[in-house]
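We call the chains A, B, C and D, going by the order they appear; numbering starts again at 1 in every chain.
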Amino acid sequence: MLDHILSILIFFPALAAMLGFVVAKDSIRAYGITVAAIEFVLSLWLWYAYDPMSSGMQFMESAPLIPAFGINYLLGIDGISLFIVILSTFFTLIGIASLTETRRVKDMIITLLFLEMTMVGVFAALDAIVFYVFWELSLVPMLYIIGAWGGPLRIYASVKFFLYTFTGSLVMLVGMLFMAYFYYQATGMWSFSILEWYRLILPENFQLWLFAAFFLGFAIKVPMFPFHTWLPYAHGQAPTIGSVILAAILLKMGTYAFVRFSLPLFPDASVFFMFPIAAIAIIMIIYTAMVAYAQEDIKQVVAYSSVSHMGVIILGTFALNVEGVSGSVFLMLAHGVVSGALFLLVGVIYDRRHTKLMSEFGGLASVMPRYATIFGIMMMASVGLPLTINFVGEFLSLLGFYKQSHTYTLIAGTAIIVGAIYMLAAYKKMFFGNVTNEENKKLKDVNKTELIGLVPLVILAIWLGVYPKPVLEPINNSVESVIQLMHDKAQSSEAKARIPNLSDAGAMKLHQEAH
Amino acid sequence: MELYLYIALFAPLVGSLYAALFGASPKSYHTGLIASGLLFTSLVSSAILLSYVMGGHTVHVELMTWMATGDLYIPFGFVVDQVSVVMMMVVTIVSTVVHVYSIGYMDHDKGFNRFFSYLSAFVFSMMVLVMSDNFAGLFIGWEGVGLCSWLLIGFWYHKESATWAANEAFIMNRIADLGMLIGIFLVYWNIGSLQYDVVFAEIHNLDQKVITWIGIFLFIGAMGKSAQFPLHPWLADAMEGPTPVSALIHAATMVTAGVYLVIRANPIYSEIPDVGYFIASLGAFVAMFAATMALVNRDMKRIIAYSTLSQLGYMFVAAGLGAYWVALFHLMAHAFFKALLFLGAGNVMHAMSDELDPVKMGGLYKVMKGTAILMILASVALAGIWPFAGFFSKDKILEVAFSSEHYILWGTLWITAGLTAFYSFRLIMLAFFGEERYKQYGFHPHEAYRFMLVVMSPLALLAVIAGWFEHDFVRLVTTLLPGFEFHTHHVELMLIGVTSLIAVGGIVTAILMYRNGPLSTKWEEHFCYKVLINQYYIPKLYNEIFTKPYGALSRFAWKEIDIRIVDATVDMIANAIYKTGENTRDIQNGNLSTMLRWMVIGLVVLLALAVAFTVGYNAIGA
Amino acid sequence: MEITLTHYLVLSTILFAIGLVGIMRRKNLLMLFFATEILLNATNIGFAAISHYLGDLSGQMFAFFIIAIAASEVAIGLGLLIVWYKRTGKIDLDLMTSMRG
Amino acid sequence: MLEPINVSMASLNVATLAPMLIAIIGALAILVIDLAKEGLHKSFYVMVALLFLLLDLGTLVEFGGVFLKNGTVLGFFDVMLMDGIAILSQIIIVAGSMLFIPLALTSKRFHEYNYPEYFALFLFMIAGFQFMVATDNLILVFVGLETASLALYTLIALHNRSKSFEAAVKYFTMGALAAGFYAFGSMVLYAISGSVEINQIATVLAEDHYSNIGFVLVGVVFMIAAFGFKLSMVPFHTWTPDVYEGSSAALAGYMSIVPKIAAFVVAMRLFEFLVHSGVVWLQVILYIGVVITMTASNIWALVQTDVKRMLAYSSISHAGFVMAAILIGTTQANSGLFLYWALFSFTNLGAFTMLWVNRQKNLLPGQSSDHPYEKFSGMIKTMPMAALMMALFMLSLAGIPPFGLFWGKMYMIGSAVSAGYTVLALIMALNSAIAGYYYLKLIIFMFMKEPMVGYEKYYLMNASLSLKTIIGIAAVGTIFAVFAVNPLLEVITRFVYNSGY
């Protein structure tokens, strides 16, 4: 069964979703939780069976799909994708378990299960077209979730989300096709297998163009400044569950794709674009943090904070060394956990008051102490306090980029300041002070359903902050092989210099361990 | 010994978690008792470790890996050596006292359990800070104490001023933490490790420039935590927290973390005396600067806070000039008497229903004898009168300055010593002696619980005798810290005399000036008074040049840039496409004639293009 | 003056142009059909002439087919026209604009 | 005394006529049966027509086998040309027709299906298209084209609504003009090459090194105009939306697929040799034409308020997209064309059938067209299955993977990239993004708006088991297209490659 575990992971939720049409309305929640739980356990099993010491792809599956055009159903998992897969299944479970939506729950749960399929598919795919299939397909359930259960501007928001990302990914598709064509020219065979693409060394000017094409697709998804404006709308209008999944998983597709495609395929271009992208990342960090500070709606604060954090992830990714890239991959998980939790928390108060305006609140700490505590913990995690999950990622990302540039990192480091500013300000507005609004006086504290979703996230946020090793180690091993690959492929002397050569260091490390 | 190390470290955490369990439930004494008990355990363990370390050993343990990726390896490692054990002792002693004291102080507060949870968490963070064997661990504690400070300053979260102060403290500290983080990055990329022992062993191999930068960035971190100019305003505002918090965090322990960092990183700073000199100068400046603000302030806690700031300046002078053990010594002594002073102020606050203006008090000596005596003791120690603790430690700092031939620094500190004595006794005089003005304001002061006074007594004792162990202390810490060569033996007595003179002078002046209560209000019109009471207008300035513009810029970024430029561009593209459709759909006007014409037009255009091409083609061909 | 192939082709083109103008200008459906007939017959002249010129029969064959097709077109066209006239009582093109945009 | 012409039957190779003849015989048979017995139910005629088409398809498959073994088959004085693309396109034509004919089996009664002539004309039309593609003789192309077109005009008009007549008249008149263009273009080409066979023309022109480039271009211009009309290239497209709106959804869907593939094949035969010969002008014009057709029709589709009209513009856009294959002219691109069209047929079949099942006899109150977007509001709540199906087809049309059309799009863009047309590839990709909007609009109406009160009864009004089956087939074809792509691609590539395209 382990040979096909990835396929099972991908298609089990979809199949279950189909069968879900039959399940009666009042039992659908239980059904959804069951399916998501099974899926989650399967993904944990995947982790259990995963060999953390090996850096290559594991659980590979391959089946011809369109061999005439080099498209194969190719799956595999390495340390970089393993945890994001688990995060996806985890968040689906949490999302369904803590679902408070009452309108058309059945449609919602079926949609979520389909979404789960696409999410796992994206991270497990090793064939560019299969990747693209899931990548695009993931837009559809999300479109539905935002558009059907969202706020007053939901249609505008969902269409914007869809078309924006769709446009970007179509350009990316052209890039993929070009890449395949290039492979065809080099080898006489069509192939969309990423692993085979890795073996290609492209001329630098091709790299630049292809990098740009892929970049557009990824950047819109991430979303990077100035392509980020769909995000506040999407988050602002989406129902809680939509925001949670969007922030926790869907955004990670973009950053994951940078690590999976851009870096190893175009090492020279990555070095070439390193500083422009770092500049964008810095704009994302500071500018969006400022925009977040100006928000009046707590959900928008969290939404913009996502963009800000994604900036750090991008920065870490383009550090192009093991510390930075591992950090950014870890931060993807961390941000998933934290922003997912924050959106859940916003959902809690929205369910009670049907407003997200901070001016409507104030003094909630005394009315809802447990809520305030959990919110506080997650806020501190978001701010990047040591021993919370975010810190590990942010620290490593910034540390990594420091190797490349002192000044950029110094400016980007203001993330820890500006992040604190908007988060603390928002927290103060919501929780501190006296309860001025009559409606807030009788609010109920978080209930069991909500705790089911929140408590695991709190535990995770602290556990992985204190002891990130089980996650960081497999990530590190896979990242090391990516970096080594990049170094070996790099052609320009600058790229060779910027991307560390680990084989010397690795040998040294072994040497040290022997002693 | 490892066991004691772990007990010392984790007992406060256990206490914190225990109290947190009851965080939302109504007050229950057991949380306070158990938290205090666990802290006492921690104190005892620290004491055992102290005796062990005094025997010339150190304890070094590695609990587990924290982060490891690439070449980076950061463990949770803890070290108990001569420096950290001193810090541990200071922290545990003061915090045990403060914990027990708080049982009384927080008696009537709804958040009793929560308070102990935070307080113990703070002690844990502080222990991590001082015990860590690497910079990353230090940073954990560093941020941890920042968090607890935020929680405790904003403990009464319904008060706008408290939460504002909490956020201000957190954010200002964050600014400094960035510096520290950069310092850590520099260390890592130049040395490849963050372990103290590796770093300090390798540091001299680095380029002078790099060491300078490391020193500067680490010191920026220290500036934030120790509230050095220009990151100082948060400390005074932090007095919004409950008084035990001020005693523990904002006087005795957390704010000295910056000094601790410089002491701990002495191998780095020894390499860069220029930076050290800068630190010392800044320290001297802050000492004076803060003392002046304390002169006129009418808020008891703020006066003590400025005094703390001023004393931190002293410590930095010592540390900057390379007299690390002196800095540590003053740190320790200061912790005791300043905590005592704060706890005394807490008693007064309790008595006066949280009134802080000493002008509204007066003659409290009669009703609060115990507290008054304790506070006078602490103030004398602070003023540096023989044989109290402050005399030994502060005089040493002046001696260091003199000995290093930095006479301007010495002069500054000397004047400040006078100011210190003056404002301390101004406070004492206004609060405890003179006319009983509180009656006008309708207060009914009463003495604090007896056990609170009892629990303060160890601090009082230490404030008196701590200085007597100078030689043992020097022997202990100089095994790790470099010694300091004094070249002042010939003038030693004269220096002591001069310093004591100005201290006594300050006290006497204060007593004389305030023996009849506060000065006339005419004085309040004076320019100097206004500058000082407004803290040199620095908070206002910050508000004008940072806070407000940041808010305005943020709104501008959102409303103007994000919505009206970035987003509007996207929508404009979409709308342009849509509008094109709207405007050109009339091509399809449904009239067959038009449709036919379009076909013919298409044909004609193509024909024209064909002809044009052919003509061009033939022209080129010919 | 000898009449050459060019003359025939010019005639054919002129007729074709006349047909095009008719198609563009006429608002009467019937007249429109006439114009299309002119178009087709214009090409017939051309085909016949070229065929003769080249001594190749396929041009003439083409012309015959065109004649046949033109005839069937007229049949269908008139059928449609009659139905349209029956329904609306008019054969003015400008009234035929219920679908647009 | 003329010599008697001796022609051996073997050299005639009458078998090449078999596929078309079967269709014609079928049509005649229907007419004869009607003479014998009047008033037979439409289901009878549908099935008879299907049977004949099945036979037709059988012979085509047979020809396919022969082609793979022996290569191109010529017949009838080399007028008939059974090469790979002829066979492929005929298979698409016949198979497509077989999927569309059963759409007559509606639950509501429609005027045209009571006439056996409808089915006879349908078969004649199919025969016409088959002739069109199975030859490279301009005369036969013309005959086939006109046979099919004239039948089609009549079929449209048979729908017996004022709009249908208007559509038929418009289509007819413009068609007549296009026929004129075609005839004139043929004349010019005949004049410069002395032949009406495309391969002959190509040879003559090549030998001549295109010395008469001016006249060649004039001929080509008329041909572009004629086929631009058939393929609805901008600005010869104006009939498309009106005709689609005027005709029944079933016929509109048919028109979006079958006539176009026939025209594509002829266009391939006519234009590709010119493109390959380096007629830069044609490349430029095709480039511009493709881009304008794709983009302009997409933009117009955005602003439509009627779904059928939107689909009309969308099919113009798709045609423009596929037209790129002729510009690119590589084997990959030409294979892509057929692949795209095969997948497109399934999806469009589904989409138009969905419209067809939603059709009422009369316009709804307050509506000016048959299928306004509002009609589909909130369909997910009232008719979830139908909404899902419709959404599926829309997503496929938008090119969302893994649904049918995505693979076609991907392959087409891939072929553009491979041939060095990177910018074109980008334009094609971005056009898909624009197109996303109007397909999405329908999904939004169906999934995100509240249903219109009192409209429930109109949904699926016209549905019958047969129609549902057709939708099912289309859905399966669309969803599982990914598994069909590889076999299709392999077969298509062999056919196309062996035909020399």
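Methods note: a contact is a pair of C-beta atoms (placed from the backbone, for glycine too) under 8 Å apart; a residue touches a chain by one contact, two chains touch by 3 or more.
Computed from a prediction, not measured in an experiment: that's the story for all the values here.
A.B. asks: Looking only at C-beta pairs that count as contacts, which pair of chains has more of them, A-B or A-D?
C.D. replies: A-B
A.B. asks: Indicate, using Cα centroids, the chain positioned nearest the centre of all protein chains shown.
C.D. replies: A
A.B. asks: Roughly how far is subunit A from subunit C, centre to centre by C-alpha average, rounded to an integer in Å?
C.D. replies: Roughly 65 Å separates the two chain centres.
A.B. asks: How big is the gap, in whole Å, between where the Cα atoms of subunit A centre and where those of subunit B centre?
C.D. replies: Roughly 35 Å separates the two chain centres.
A.B. asks: Report the inter-centroid distance (CA atoms only) between subunit A and subunit D in whole Å.
C.D. replies: 44
A.B. asks: Need the CA-centroid distance for the pair subunit B / subunit C, whole Å please.
C.D. replies: Roughly 95 Å, centre to centre.
A.B. asks: Give me the residue numbers in subunit B that touch at least two other chains, ranges are fine.
C.D. replies: Touching at least two other chains: 574, 585, 588, 590, 592, 596, 600, 603.
A.B. asks: Give the residues of subunit C that touch two or more other chains, as numbers and ranges in rising order.
C.D. replies: Those would be 23, 32, 96, 98-101.
A.B. asks: Quick check on subunit A: which residues sit in contact with 2+ other chains?
C.D. replies: 163
A.B. asks: Provide the full list of chain pairs in touch.
C.D. replies: Applying the touch rule to all chain pairs gives A-B, A-D, B-C, B-D, C-D.
A.B. asks: Show me the residue ranges of subunit D that touch subunit C in the complex, using the header's touch definition.
C.D. replies: 138-139, 142-143, 146, 150, 153-154, 157, 162-163, 165-170, 172-173, 176-177, 179-180, 183-184, 186-187, 190-191, 194-196, 241-242, 245-246, 303-305, 309
A.B. asks: Write out the stretch or stretches of subunit B touching subunit D in their complex.
C.D. replies: Touch residues, subunit B against subunit D: 574, 577-578, 580-582, 584-585, 587-588, 590, 592, 594-596, 598-603, 606-607, 609-611, 613-614, 617-618.
A.B. asks: What part of subunit D is in contact with subunit A in the complex they form?
C.D. replies: Residue positions touching the partner: 380-381, 395, 398-402, 406-407, 410-411, 413-414, 417-418, 422, 425-426, 429-430, 432-433, 436-437, 440, 443-444, 447-448, 482-483, 485-486, 489-490, 493.
A.B. asks: Enumerate the contact residues on subunit B facing subunit C in the complex.
C.D. replies: Against subunit C, subunit B makes touches at 585-586, 588-593, 596-597, 600, 603.
A.B. asks: Which stretch or stretches of subunit C touch subunit B in the complex?
C.D. replies: On the subunit C side, the touching residues are 20, 23-24, 26-27, 32, 93-94, 96-101.
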